[in-house]
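Chain lettering (A, B and C) follows the sequence in which the chains are written, and residue indices restart at 1 in each chain.
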């Protein structure tokens, strides 16, 4: 993929400051809001059933994150999602810990059934769980294995009621029924900071709010996020995950066109009719 | 204003370590507690209806923040507020997102009606919303416009059931029916970190707990906070909002009398009978 | 105590990546998760009653933290605790603010009565409160006095229904009915960052999940945590509590065998029959 389109999307986010409404978990809410601010978007966190739809109607994108779930929050998500669908803004679902407990898996399916979800982002184990693939889930953390993220994304894009799927990990993949993008940008320190996956979902939502191409927009967002992780790792210089977390926010803020040009590494393949990857 | 009084209030906070009870949103709770600790106050976060009043009775100041509202929290705020009023400690209301949804605006009005609020702090859009001024609110973020913060504060001080009003933004203003203070200290990076407004409200509450002059105490608090932002920006040296957030906590901790002397910039005007500013 | 055993426990945590299930408060959830990740454990935060037991059954240790309590959370804690007891994994109770409100004290006693608690960690005032010792509690912050942490730990180990007690402060003490360990590692900046006590409880839980000796395991955890605080203070170099918070995460990540060898300072005494310390 050419870096120009991806960096143009970031520019648009910074110019338009899209309002990204997050109904998310209490662990990552602060980090997510700061990440969105750092990239140039406008975060709003509003969980109450009483205002979820009114807030979503003002937003440019909606993120539903199942991290610290409860019944009231599922209801708020459904209401906000319906409002977002009516308005036609992108809705990103982050099924944190799907597969780890029945409660979470059911909540994910309920939202996928009731709403028009634009994109689901999760790790390999979470996406496998909601797509009905065998998986080995432990807590909300995927067991560290070697996953073929592209195959999981393609399979899920065929079998999950969402327009596109993003699977993140050592490599990331974004697929719909036609294309699959592999994103090679990223850094292993992302796994040492809580909420980096959740923030990736919100970064995708911000990009989708200014993009008219779904998978390309999402892949660009993950490329940007991966470059930020690479820069953050360089700034961190081995000090540790505390510093990396702070430098990730700095990098999201500072990345420019030249960084995209020098570092973006995304490849695209076409999905054949059977759902497998084209050789 | 003379810097000596303002810096004396900070000293008193550091000596007396006032207990500031915050019923606040899940996004900023950690940052608020750390900011209060850094300045030398003692934070306590306790949201449950079952203990809100008992906790407020032990506190030296109470902060009610509408950031991530729900019905149980409104009830806890009302209970804590009544206990605080009985005890006679300052109660600061932060109407996050007032005007953005009916639910938030109504909650703000309910608390203003039922409680004796010492001071309301918000951005120009939020204060305009609760004062019934025309405003342009989008999410919980004020549209960035050129506001006359002094006029909004003066208008709200006449029309909102609270003893004083603080409007924060590029400049800050604190008004009651008699005086209006303009605070010129501050830094634009404050708008790149979530919860900096919420923390300002809690810093005001800490100052009010040791001050016997309301508007002067609140203006001193915002002067201190603005100086901290200026120092944090200098320490940050362009690295980005991640670093700024950390340096703001450091600056709140390190500011001393000399910083006040060199940097405090607050001016006071008298409000005339019609509510307009005296020329 | 010899540093080798303590550093071996940290190695085991890093190798086995125990899943530590935290039902904790919204103020410290992010910091706790990041601290556990930094040390090499796997955090999971799941508060809902509907999944608390299912999640606890997958965990290697459970932490129940009363920081921002409500009725639903107490119920979730009881469910998770029963599941943890059935599975036989360590359950650490952190009675934040016990003694400060009746609601918190009652919740602590309810959990102590209904569950088999492996260890309770609190500051001197909190542990005194649940053990029925006179105490001077103000908010959730212990009044700063000179405490004999060893005596409080020994008294509580006799009088509280838990297998062991940890009292943290300037010095830390860990006791059961037979032994009491004093941990001399630590740094005063810990009191300037919110959630450092809560994180200590989760670090203990991680160590207990890989240790077959209760008090020795807990003392090792606090020694490790104290060394991390000392290193963080050195890295911070007087910049302030913002930087210290970040450097504490870095230190948890970077500490190795040599740090234990050079800095661990733990002493053990035998408790005599009357419950007093052996001379």
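Everything below uses one rule, namely that contacts are C-beta pairs under 8 Å (C-beta built on N, C-alpha and C of every residue); 3 or more make two chains touch, one makes a residue touch a chain.
Because the structure is a prediction, the values reported are computed rather than measured.
Asks: Assign the assembly's chain-to-chain touch graph to one of these shapes: line, ring, star, complete, other.
Replies: complete
Asks: What rotation angle, rounded to the nearest 5 degrees, superposes the C-alpha atoms of chain A onto those of its identical copy chain C?
Replies: It works out to 120 degrees.
Asks: I want to confirm something about chain B and chain C. Since they are copies of the same sequence, is their interface symmetric in residue numbering (over half shared, so same) or not (under half, so different)?
Replies: At the contact between chain B and chain C, which are copies of one sequence, the residues are largely different (under half shared).
Asks: Calculate how many whole Å lie between the centre of chain B and the centre of chain C, each centre taken as the average of the chain's C-alpha atoms.
Replies: Computed value for the inter-centroid distance: 34 Å.
Asks: Do you know which chain C residues sit against two or more other chains?
Replies: 26, 30, 245-246
Asks: Within the complex, which stretch of chain C touches chain A?
Replies: Within the complex, chain C contacts chain A at residues 19, 21, 26, 29-30, 33-34, 37-38, 42-48, 50-51, 54-55, 58-59, 72, 235, 245-254.
Asks: Going by the contact rule at the top, pick out the chain A residues touching chain C in the complex.
Replies: 25-28, 30-31, 67-71, 97, 100-104, 138-141, 191-195, 239-243, 245-246
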